[in-house]
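Chain nomenclature is as follows: A, B, C, D and E, assigned in order of appearance, with residue numbering initiated at 1 for each chain independently.
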Amino acid sequence: MVGSTNTAREVLNVKGLTKKFGGLVAVDDLDINVKEGQICALIGPNGSGKTTVLNLITGVYKNDRGVVDFAGQHVQNLPPHTICWKGIARTFQNIRILSSQTVFQNALLGKGYGNGGVSILQTALNTKKYREATAACTEEVDRILEFVGLLDLKNEYARNLPYGKQRILEIARALITGPKLLLLDEPAAGLNSQEIHALMELIKRISERGISILLIEHRMEIVGKLADWVFVLNHGAKIAEGTFDKVKEDPAVIQAYLGRGGR
Amino acid sequence: MVKLFKWLKKYALLIVMLLLLAAPSVTSQYEFYVVQRGVQNAIHVLGLLILIGYSGMLSLGSAALLATGAYTYGILLVKVGLNPWVGAALAVALTTFIGTGLALPAFRLAGPFLVVTTVGFGEIVRILILNMEPITGGAYGLAGFAKLLPSTRWVYYLMVAALFLIAIAVKRIGESRLGLALKSLREDEVAAEVMGVDVRRAKMVSFALSAMLAGLSGVFLANLTGYLSPDSFTAAESASYLLMVVMGGMQSVTGAIVSSIVITSLPEVLRFLSSSRLLVYSLVLLVYLRLNWVRTGKGSLAGLMKTLGFPLGTGRAKDRS
Amino acid sequence: PKSYRICHLAPLTGDASFQGQILVNAAKLAVDEINAKGGINGVPIEYIPVDETSSTATGIEAVRKALALNPVAVIGPNRSGTILAAEALWKDAKIPFITDGTNAQTTKKGNPYTFRIQIESTYWIPILARTAKEYYKVTKPAVIYGTNEYSKGLWDATLPALTQYGLAPVTVQTYNDGDRDFTAQLLKIKAAGADALFCYGYEAEIGIILRQRVELGMKNLLVFGERGCSSPAIEQIAGTTNIEGLVCSTTLSQGDPDPARQAFIKKYTSTFKEPLSPTHVNHYDSIYILADIIKRVGDNPEKIRTELSKLNYVGALARYQADSEGNLVHTIYTQVFQNGKWTPLIKEEYPVK
Amino acid sequence: MTAAILLQLVLNGLAMGIIYSLPALGISLIWNASGLFNFAQGDLLTLGGYVMLSLFGKAGLPYIPSFIMTVAVMGIIGYALSQAYFYPMLEHRVNPQIILIGTVAFSVFIRNLVLVIWGTTPQTYKNPFGSSVLQIGELYLMPHVIWIVAIVAVLLITLQYFLRGTMVGTAMRAVAQRPTASYLMGIRNDRMIALTFMLSTAIAAVSGVLISPIIPLTPSMGGIIAVKAMAAVLIGGLGSFSGALLGGVAVGIAETLFAAFVSSTYRDIFIFGVLVLFLLFRPGGIFRASVSEKV
Amino acid sequence: MLKINDLVVAYEVAPVLHSVSLEVQAGKIVTLLGANGAGKSTTLKAISGLIKPLSGSIEFCGEVISNKRPDEIVKMGLAHVPEGRLVFPGLTVTENLKIGAYTRKASRSEVKSDMQKAFDLFPRLAERCNQLAGTMSGGEQQMLSIARAMMSNPKLLMLDEPSLGLAPVIIDSIMDKIREINEAGTTVLLIEQNAELALSISHYAYVLSVGEVVLSGDSESIAEDKAVLEAYLGGESEGRTD
């Protein structure tokens, strides 16, 4: 377990978050918070609203009610790219990479819009400033690719990567945005036990860099090993929270989510 | 053989430019006029390359932006009496401004919705030109404006120089991070947005750049013909510009230039085409689309092009299923 | 020479392309007749149709293209806009053009190479106005025209003509080319209490306007039109019963009893298996005029121009006499559609200036 | 403007709107059943009209057999289109943008093919619904309006039932959405796509046959109508059949009233302006609550 | 029931399956294990005809099916729950299920009762029967995909990672259900990342590595040979060089 202290500041503070789709309340008056350096897990039955919470935090959906405070600022309902700049990055439950671009370019996308403050004119003219900015950028992307172990696949088309690597690529892309908080949506889905092991190592290393993590996962071995704190959702509302060891004994959680296999 | 093609590919842009510079001395007066139109179209098509090829936003209203550029130039010279250079600058600026405004619907609309909107925009501009007679000359057209440079030949050289610079710029933008942001609009807008790409700004830049080039191309068009009338800016024209982008490979700058010039001069080369020009164009486009985007095994056009190292459509984003 | 090259600019593509086909058919008929008889002094005519398109701007390119072919003379363009925009090109190239536009300005540019085998609208629109006023006792005319350069030119000539005869339009309506529903305009004309309608545009639109007029219960509204109204296409689109009473001006009337005219009409209809459109066949004569000149002076364009400028020739369709501006035709028919066929009402000659 | 004239305006606007809704239905059908926006629908309509002209107007066959033959001929054309172009493209998951460009190319192709075969002289044939005006008080009405309304109503209900209520219709939509999965359900994708296109060309044939006695046939006739039909379909809600009808009627009435009370030359500007505003504030159209993509 | 001999499959040029031979006996649950990218899903796609093999033969119920179209194969009584769910996003849950029974010449009431069974297994689907499948959560779509395949009442059911993205409690009930339908006579071919789980319900297992079968045997014996198994499952896609 890494860096869990009670005195740490809150990075993410969600209060009263609510989202309806037509008549369906997907997220219901939800409060969660993630402290600096923590790895938190969000678990719950299928359709309990976990992904929706991520979508609300990152601005992909607009919320109906509630506040999302990130590093002391309201970020709810800001455009997604602004939220990204403020320091929240994410991956997707269904992988969303640019399949006809290379690994490097996919990662580069994490740098966001534009050429790092260099104007279009300078880009077109290939000025020194543009070249320097590009070089710096390339270097940074390479560093992160190295960190996650994808550097040797740098020039491969993303669509040709095996599934597991595509998941890692998404994480790399998210890291390149320079986040303070990383949201991972079922990163282990479709991975085998070896890959899961490597993934957990990676998540730990990311956490060691001081990045807080909010993780959605159905594989309890991962939640058990990684999460400092667990939130359990059902029907969009929080039914339990605490350490995994505590939460997994909660009869409501067992009944709604864990069944006999999860423990 | 393959080596030769590689070499050709590398220096393609340069070769095309040299050929263009030589054009006035080796063509008859009329052929030269056609080449001029080709170069002028190429400038416009490079703009569409950014919008359609890079960003994946289909526009069927591009002729209207061309009209905006050409008419603004003409009106400023004839009705206001401005200097041609000032007129040209203002024309490009205004077209860019209006084109950027077109990005507003693109914020919320995609696919067919956006295309129909651009069709609508094209109609709106055409009807306005037709009916605002005191300013635009209406159906009678607009004539009597000066050229940027006194001799046709110098205007041509200016145009070729502009084309060259624009080609390099468009290529560079395509390879830059900005270009990646534009391409991400085509592939996965949501992912791009969440990764910090300001999608609205990217759309605006895409529309603005393409409108700017349309405006510039319009100014040159006015210079070439010396006469403007609303019927040269119809939806059918927009469709032929679309053809030029697609046949150029959607991603390749040199491809776009070559295809613009070839398609512009096709009816002149094949005289029998003249009355069924569009019939043949559209058929060629259909055959091209069909062969290029569907792998029909070895021996197909696509296979052939691929072995020769030519750019192929990238529309084939397969899902892993 | 091996052949005498004559280019013919005609709209072969676009909205007006059916007119182009008639223009070419008529000219081609003459060329074939001449060549079948051994050509001009044994030299055949090389006849090259060039697509003027239905657009003014691309029409200019067609003029360039025609000039690049080095013809002895050119027939066309057909659109006033194209003539006005491109006449400097043939002035520079010193090639005579026998044009077809009705806009008065086209022959007023002082271009000695421009000739016209058509009557300008400023001549025949006043006749329409006078006919309306004096023959039909119209008091409240309305006008509808399309926003193309052709119809617009007709409207520009209409207001002065009406004023000249003490009439003022009770309402003026416009439409855009391609419009297919004129309910709004017609009902406004109805609401304005008009008793006659001056109606300008291309065949499809005019045809629908004439039909919709009846469908809206406005059968009593008299309609006065320009030369295109005598086209068989109008009758087909509007329906024969719906154009009863339509009045229009032309340079050739289907009902003209003159045997030479009737012989031509018979020849035309039997050759092409379609009814004749009187306003688009005059280039049959243009070819004969050129052939006659070339026979006399050879293929020098400058000499052909000189001969055209003092032309005095009786053709199958009309008598041609050049005036100082290059106008070659001076006869106007006003005809009315009565009992299912066109009947001449008035025939007028304009003096040659 | 008297009340009678106002009523007449609305009535004629409605008649025009019904005409727009015919290609709009075709566009909606293709959208539902293949996920394509068919820019060529209007030109297919033109083609249908010309085929009818040749059979009924020129060859002089009786009306009903000509009608049936036109629908059959157009159905065959739809089959050919699907086999030669759309099915291979869809089967290979070609980027929808490319297929969309393909429909634009088809639109241009068909229009010019018609031009080459039939020429550009506006043509028409005898109105089989009768050309005598019905007069009701001060209102004038053409009998074809009543017929077309009836046929559109039948078409609408049939399509709605076919696509939503039958297995084949559901399978068509399934093929459009996930061709791999539809294979796994035992559906023959090629047949479904062929059927889709045959249906839409058949609708184009019906529209062409109904419209060509009223609006003269020119190569661009269908295109002119289709531009409005596209606006109608987006206003009504792409994919919704009642939306196509309502959108068409709304466009027809709105443009007639605008032409009468504001300006007849600027009315297309008005329609497209309204369309853009409408799409900005209700991107899904009248009959579609805006569905956000699941992320 | 299903017999595969020397199957070779390639996506573009390089073969993904080099030589796969395996057999699924009627009435059994057979598991296919393997590292990521080993070619498990490709094998299933080749069986159901979604991708044409370069060589080798596939026999189903005594008939060679390697040259048949997917729809023909499916009509023979084979159902495939594909990787990535592939529900019809614009159809409602009910419509998705109905399409699942497309090939069956079953009466309406039969389809209804089968649908009821699917709803019993996944009560969430019943709650959402009119929701568009595309707006369902990942796990809900997975449930729908499984339920849809069962609607065709197949002789052979092929499941590609059915547990993917599902809550533990649902995985339990799916595994129970697989066993149950197997006991009722349906043969099952299963792909699972969670080897332990898969082996616990299956009779027989094959292990695939880089496009070849490297190990096969009774589930119990394979499960016992943990070290070997781990070695193969860990060899994560080293086969790819490009």
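Note that in this section contacts are C-beta pairs under 8 Å (C-beta built on N, C-alpha and C of every residue); 3 or more make two chains touch, one makes a residue touch a chain.
This one's a predicted model, so the numbers in the text were calculated from it and none came from an experiment.
Participant: When you check each chain against subunit A and subunit D, which touch both of them?
Facilitator: Chains in contact with subunit A as well as subunit D: B, E.
Participant: Among the chains, which is located farthest from subunit E on the basis of C-alpha centroids?
Facilitator: So the chain farthest away from subunit E turns out to be C.
Participant: State the pair of chains with the top count of C-beta pairs in contact.
Facilitator: Counting C-beta pairs in contact per chain pair, the top pair is B-D.
Participant: Farthest chain from subunit A, comparing Cα centres?
Facilitator: The chain farthest from subunit A, judged by C-alpha centres, is C.
Participant: Calculate how many whole Å lie between the centre of subunit A and the centre of subunit C, each centre taken as the average of the chain's C-alpha atoms.
Facilitator: 74
Participant: With centres defined as the mean C-alpha position, give me the subunit C-subunit E separation in Å.
Facilitator: 76
Participant: At what distance in angstrom does the C-alpha mean of subunit E lie from that of subunit D?
Facilitator: 43
Participant: Please compute the C-alpha centroid of subunit C, do the same for subunit D, then give the distance between them in whole Å.
Facilitator: Centre separation, subunit C to subunit D: 37 Å.
Participant: What are the residue numbers in subunit E that touch two or more other chains?
Facilitator: 82, 84, 86, 135-136
Participant: Scan subunit A for residues touching two or more other chains and write them down.
Facilitator: Those would be 51, 60, 92, 163.
Participant: Which positions in subunit C are in touch with at least two other chains?
Facilitator: 13, 17, 147, 174, 176
Participant: Where on subunit E does subunit D make contact in their complex?
Facilitator: Touch list, subunit E to subunit D: 48-50, 69-71, 74-75, 79-80, 82, 86-91, 95, 98-100, 102-103, 132, 134-136, 148-149, 152.
Participant: Using the touch definition up top, name the residues of subunit C that touch subunit D in the complex.
Facilitator: Against subunit D, subunit C makes touches at 13-18, 21, 147, 173-176, 178-181, 183-185, 187-188, 190-191, 203-204, 207-208, 214-217, 233, 236-237, 239, 241.
Participant: Which residues of subunit B touch subunit D in the complex?
Facilitator: Touch residues, subunit B against subunit D: 56, 58, 60, 104-105, 108-109, 111-113, 115-117, 119-121, 123-124, 127-128, 130-131, 186, 190, 236, 239, 242-243, 246, 276, 278-279, 281-283, 285-286, 289-290, 293-296, 313, 315-319, 321.
Participant: Spell out the part of subunit D that touches subunit E in their complex, as residue ranges.
Facilitator: Checking each residue of subunit D against subunit E gives 167, 170-171, 173-174, 176-178, 180-189, 291, 293-294.
Participant: Spell out the part of subunit A that touches subunit D in their complex, as residue ranges.
Facilitator: The contact residues of subunit A facing subunit D are 22, 51, 55, 60-61, 92.
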